[in-house]
Amino acid sequence: MDTPLIELVGVKKSFGPVDVLKGIDFKAYAGKVTALVGDNGAGKSTLIKGLSGVQPFDEGTVRFDGHDVHIVNPKQASNLGIEVVYQDLALCENLDIVQNMFLGREEVAMGTLDEAAMEFAATKALQSLSVRTVKSVRQKVSSLSGGQRQTVAIGRTVLRNAKLVILDEPTAALGVAQTEQVLNLVRRLADNGIGVIIISHNLADVFQVADFISVLYLGGMVASLATADTNYNDVVGYITGTKSLEGAAS
Amino acid sequence: STGGTTAASKRACVILPDTQSSPRYEASDRPALNDALTAAGFEADIQNAQGDTAKYATIADQQLSKGCGVMILDDLQGAAVTVATKAKAQGIPSIAYDRPFAGADYYVSFDNEAVGGIEGTCIVDGLKAAGVDAKTASVVYVGGDPADGNAKMFHDGAVAVMSAAGIKPAFETPGTWDGAKAGTAFEQAYTTLGGKVDAVWVANDTNAASVITILDKNGKTIPVSGQDASVAGLQNVLLGKQTCTVYKPAKVEAAAASDLAIQILNGATPSVSKKLADGTPFVAVTPIKIVASSVIDVVTAGDAKASELCTAAVAAACTMYKVK
Amino acid sequence: MSNTSLATGHEGTLRDQATAYFQRIRSGEMGALPAVSALILLAILFSALSPFFLTKLNFANLFVQSAELAVLACALVFVLLLGEIDLAAGVTAGVGMALFVVLNQKMGIDPLLSVIAALAFGSLTGWIIGFFVAKIRVPSFVVTLGFFLGFQGLQLIMLGDGGIYRVDIPAIQAIMNSNMPEWAGWGMLAIMVVGSFLIALWDRSRRTRTGLATRPISMLFIRLAFMAVLGGIAVAILNENRSVSIKAIAGVPIVIPIVLVIVFIGTFVLDRTLFGRYLYAVGGNPEAGRRAGIDVAKIRIAAFMICSTLAVVSGLLHASRIGSVESTAGRTIVLNGVAAAVVGGVSLFGGRGRMMNAIVGALVISIIDNGLGLIGLPAGINFLVTGGVLVGAATIDALSRKRSGGSILRT
Amino acid sequence: MSNTSLATGHEGTLRDQATAYFQRIRSGEMGALPAVSALILLAILFSALSPFFLTKLNFANLFVQSAELAVLACALVFVLLLGEIDLAAGVTAGVGMALFVVLNQKMGIDPLLSVIAALAFGSLTGWIIGFFVAKIRVPSFVVTLGFFLGFQGLQLIMLGDGGIYRVDIPAIQAIMNSNMPEWAGWGMLAIMVVGSFLIALWDRSRRTRTGLATRPISMLFIRLAFMAVLGGIAVAILNENRSVSIKAIAGVPIVIPIVLVIVFIGTFVLDRTLFGRYLYAVGGNPEAGRRAGIDVAKIRIAAFMICSTLAVVSGLLHASRIGSVESTAGRTIVLNGVAAAVVGGVSLFGGRGRMMNAIVGALVISIIDNGLGLIGLPAGINFLVTGGVLVGAATIDALSRKRSGGSILRT
Amino acid sequence: MDTPLIELVGVKKSFGPVDVLKGIDFKAYAGKVTALVGDNGAGKSTLIKGLSGVQPFDEGTVRFDGHDVHIVNPKQASNLGIEVVYQDLALCENLDIVQNMFLGREEVAMGTLDEAAMEFAATKALQSLSVRTVKSVRQKVSSLSGGQRQTVAIGRTVLRNAKLVILDEPTAALGVAQTEQVLNLVRRLADNGIGVIIISHNLADVFQVADFISVLYLGGMVASLATADTNYNDVVGYITGTKSLEGAAS
């Protein structure tokens, strides 16, 4: 197979006394969907936050497109073309939907914000995600329901020209129709040659969209498989620790 | 609208500077000026800038928009100058009260350097009485807030007298009008001098009271000066903890100023014999040195109440010095 | 069942727009409205208490008296939007002015150059404060308290004990003490109305080009007419002779267009530039801003720089009005500045506030001194009444926000 | 792979505990530690600058000089924990003392009764402020600014005519100016050590009864030994004669046990009572507190009441140390009080802080005046250095928190 | 059937110009699990917040155990024995797990907080929810992963003697094993005679535990059915608005 779009080698992260990532190897490819699964507290979000510079890793190597990179803040990740939807969303409640969707990537015309262009694009993006109950794209995020917020956060990725899109439990708060749309979106992104990493507890969804599945268990990577080569029960086994691939892990 | 019979010309507008540096403005000057002016049949619009120059200017605007026949301005940080200029443009003369400023038509004041001078004398005499040689005496200087123009005059007046007697400051604290700060500063000076303190020049009674508490704690009674003839100051003088305080009878100063104001409001041009260097007519009022035996004078003048002075701890001293 | 899909609030007839506006008000998006009602109530109160309150002269006085505080409050908005505070803003203005007089008066440097130096000093101060806050992460309350103390020392050192310097430069004196010719007042109003019209047209054209809905154009005309009428009345009053003595005083005070320009530029920066957007974002949720790739430290430092620089401008207005620079300048005004912003509707916790809030709040705070100055109370009572009126104004403000705001809970 | 299930931090040997402690420190749970390092650095600095800094007399002075600020900072902790502020705390103390003087000196009422009345006045003030903040939802910054102004008026009205009053009651004078007999100092230390021991035993018994793990008992003994040794050294120093004049001065200043009792009760309330728990909860997330059924308004009002009442206690210490009460007391101290709490480690945004933070912070702020007072700089320079040292101390504090705190981001 | 434990009649709620609940009727029974489903932004959380006094209804009647009640703040709901796990959790990040789990219902012994008793009970409750990765029950909530927080919030309900337990998307962030435990818990609560209302977008879970299903659509209640009388596809139809029960709804 060709060079991974992103490759982690031996990354570690601890918070004071707590070792959360204990030397992780991980790969994701352009044009493929890689699912990252694992129990609550296994370290999935921590892995993602390390990758995106939100909480840089303590140790280990990160390669992007074959080059060693050192990502210590989100701006750098963004410059590399890494776009992330965080589990805790991180929206500005005092801003409206359009403002949040374009935060950090505003359209500017003649030195000033091009509100019209942004409003137009945001509306399109939300429509593509089956949003029906949002009254106005100029509503403050503080007035949105849980699922609506989730959609706004995901909508951001539709607007960007990213190389790698990372989604941390994107469908957790979503309704049936919206979930379907997001899974479609994920597939569409990958088909356009973008690398996608998706974290989810919903294995049905994972098996539906993912090309590869990586399983974290208590801060160690216990399995990295092609979806085609595995099945639901095995993955549950890895997640809950009743099964281990190389008998090696931690 | 100069002279004549308009309502405005029957009004005297007074601006006092603050409430922080001294209680006198609200406690003494306001009632004294008010009484004198209203007794003469004029309206007195007296306001206090509360230590804020912007407020000073606002008050002046407001008074002028109601109209004034004369302005009595106790300056705050130079704010009176522009006020006087504005007033002059409307034909209204102004009297500098207690604090001098450029452009006033008259100046009425205690000579602030003289006030400092009295304090200085107090220390020099106190040392002499205690049998300490002024030239070798260890004297701490606790001055007033250097941002206050008067503080500098008190300091200069006191230093002139003390240095003439051969006193050099053993320690000079950063000036303040805040009793708590003065207390800490003095305590630290005392520590640095290893307790070798023979006298403390203190600019006013508020600061003196805290200095005295520190001295008490360390079992020392030495010459201490002050001014304002405040309740605590007079009590400390009676108790022998403060050598003297300077009594600046606001009534006298206010009487002088309102005298000028009334003449102006009546359309007359007051004649004043004394002039400042720049030619401003100057009415000087004499500050009075108060020692234990003369505390009664302040009471008699009505500027202190025996009942407030003679608390349990001071009762014996009151009897001794016939303060009733 | 009508499945309204993704409106923006620009759709609908004039009537729909009006309904939507009142519903927005009821639902708590009040902006400066509660403060405006507090202002009106105070004005009614003082008119009842003093026959001089509603005079032409006092009308002009109020604007001039509030200008210094208004500019300071505008300055503070930039840091308050971040949830920070600048306790040193007043003394920064003081040192700026001290620097000005030292350069100009003592060293004979050109007044304009001296003013520029003072403004540069403001920026530098803001940069240093911002550096401590943004890079070292010292709470701004403590950093600026340190500067508040330190700068009092600087003032004393620069101006000397009891130091006061007259500011005799006619251009500076004129700001707060002179007025524009009659035509200039009308010109100013015309520029404002036409300018607003052009900006609104420009916005509309951008929207229509993208195919987005626009508000009925009649709404724009109503707004402009409103502006023209209110502004026209104010200019007309100010253009009459308001003097109570022989010398005629008429015209719009020079400081008014200055403050308006500051408000205009400030509003423009906050609403229409990247920096403004990032300021709100960081104030609302710094971590979200950081994750979106915003250089949070840079935004913070810039906000403190703007605050300190504008503070020096307010110092200039102070010097102009008082006619001198004193060694205690600016010690007390800063708490009033924060109070003005907060009463006007700026949140102390960041993320919410506009220039207009600061202006209205400053008028509320200033009208207290203005009104009480006409009444003339002893200091003790004056303090008491000032405090009481401040709490009262804030209560009106809070009550009108609350009635509707109950629903605006964090979900 | 060890699947550690649900530890509590009480498990493990002494060695494990020590490791865990240092890891906690490294991971940013520093509490008052950074402030302690700032304190130590300042002490080293001042010892180098003045040979009098490390004298017995100055050691005692420092405690006494900082007591008023320490109690005020403790008072403020209660409102800061809620993310609120009380700008009026200083003048509340001032009015409380004015009331005391008027009742006692002017009206001849029993001193004890007068003190009680002053404290009751504090509680009432806190109730009113709390009412505006909690029920009407006026931002505390504005309410307490209103009270800050209003109370300056009250002070003037109450004490204006005499300006400054001596406080001649021996019991009150004694607080800051007298010392305990030698044995009482040792007794105080003994009570503290034995008391801590008994409380720890009681906690252990509760845990063991429930079957929960406890820390090794040797840890407790180490802690007590530490306390006994440090305390013993302090008491021993204070029990020696530190006078520089003829009159002997020795013994632990009476104010020390008073402050310790306040700290003890305050800590007890914060750590071990429902009210304390709710205070942290509301400070951390008011909406979560409300949803859990906490009467948020009641907690807020109670916090302001405690703050104002303790502020009056600090006023009592002020009166005792200065030996008098003046009509301007308390105007400037409140910003220092907030700074003390913040430098000590209390968050201005609520939810984080303890009594000990306030005490250490107050020592940091007080040591600046104490040290500079020994050096004797002119006012201008003194201001400048004070501001600089404050920023410096806060920087040390921030840097030590930051190094490790980088990871403590909101998830 | 007997009196509903809770009954809403014609409840309405709007936020300024937005009508979110347009006159809702709803019932839930003691000993039964009632699922509340609906699209994102349909008004589910708003309904729950009205019921629990967090955001009181504007209009309508609420009956608890057959009596009209007027719940305007959470304290009142709590006094009635209503226990809620909110979608947005509402935990105090500055408090630790034990403190959060007992917030508002602390154990007190001799006037002081009985930390030992609370620590003990909290540990037991978390163990019953299959929590494996939480290092210490004295950890601050700010350091927990998304799923761990969810578990803490759910854990609160285990500790209370509630009459009505409401769970707003309790399993959204949970792993496979934890989800299973929570569904068990829901069943166990109902079997003990407690009324349970559960909101979920996961219809598989809903069909697994619920006795009744109520469907909200754009602020109106479009269907209230016994689980036994319906099926997955019908419910999806109601949720997405392609099907309507009485042809009546709004």
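In order of appearance the chains are A, B, C, D and E, and numbering begins at 1 in each one.
Operating definition for what follows: a residue touches a chain if its C-beta (ideal position, glycine included) is under 8 Å from a C-beta of that chain, and two chains touch if they have at least 3 such contacts.
In this text, all values refer to a predicted model and were calculated from it rather than measured experimentally.
The set of chains in contact with chain B as well as chain D comprises C.
Looking at the partners of chain C and chain E together, the chains they share are A, D.
A separation of 28 Å divides the Cα centre of chain A from that of chain E. With centres set at the average Cα position, the gap from chain C to chain D is 37 Å.
Rounded to whole angstrom, the centroid-to-centroid distance between chain A and chain B, based on C-alpha atoms, equals 73 Å.
Mean C-alpha position of chain A lies 47 Å from that of chain D. Looking at chain B, residues 19, 26, 50, 146, 175 sit in touch with two or more other chains.
With touch defined as above, residues shared between interfaces to two or more other chains in chain A number as follows: 15, 45, 54, 88, 131-132, 134-135, 143-146, 218. In chain D, the residues that touch at least two other chains are 3, 152, 156, 160, 287, 379-380, 382-383, 409-411. Interface residues of chain C facing chain D in the complex, by the touch rule stated above, are 83, 87, 132, 136-139, 141-143, 145-157, 161, 287, 335, 338-339, 342-343, 348-349, 379-388, 390-391, 394-395, 397-399, 401-402, 409-410. Chain A makes touch with chain C in their complex at residues 52, 54, 73-75, 78-79, 84, 86, 90-95, 99, 103-106, 108-109, 111-117, 119-120, 123, 126-127, 131-132, 134-138, 142-146. Residues 19-20, 22-24, 26-27, 50, 145-146, 171-176, 178-181, 183-185, 187-192, 194-196, 205-206, 209-210, 212-213, 216-220, 228, 230-233, 235-236, 304, 308, 311-314 of chain B are the ones touching chain D in the complex. Across the interface of their complex, chain B is touched by residues 50, 52, 55, 57-58, 61, 65, 68, 105-106, 152, 156, 159-166, 168, 173, 177, 243-247, 249, 318, 321-324, 326-329, 331-333, 369-370, 372-374, 376-380, 382-383 of chain D. Contact residues of chain E toward chain A in the complex are 15, 18, 38-42, 45-46, 87-88, 131-135, 143-148, 150-151, 169, 172-179, 201-203, 218, 236, 239-240.
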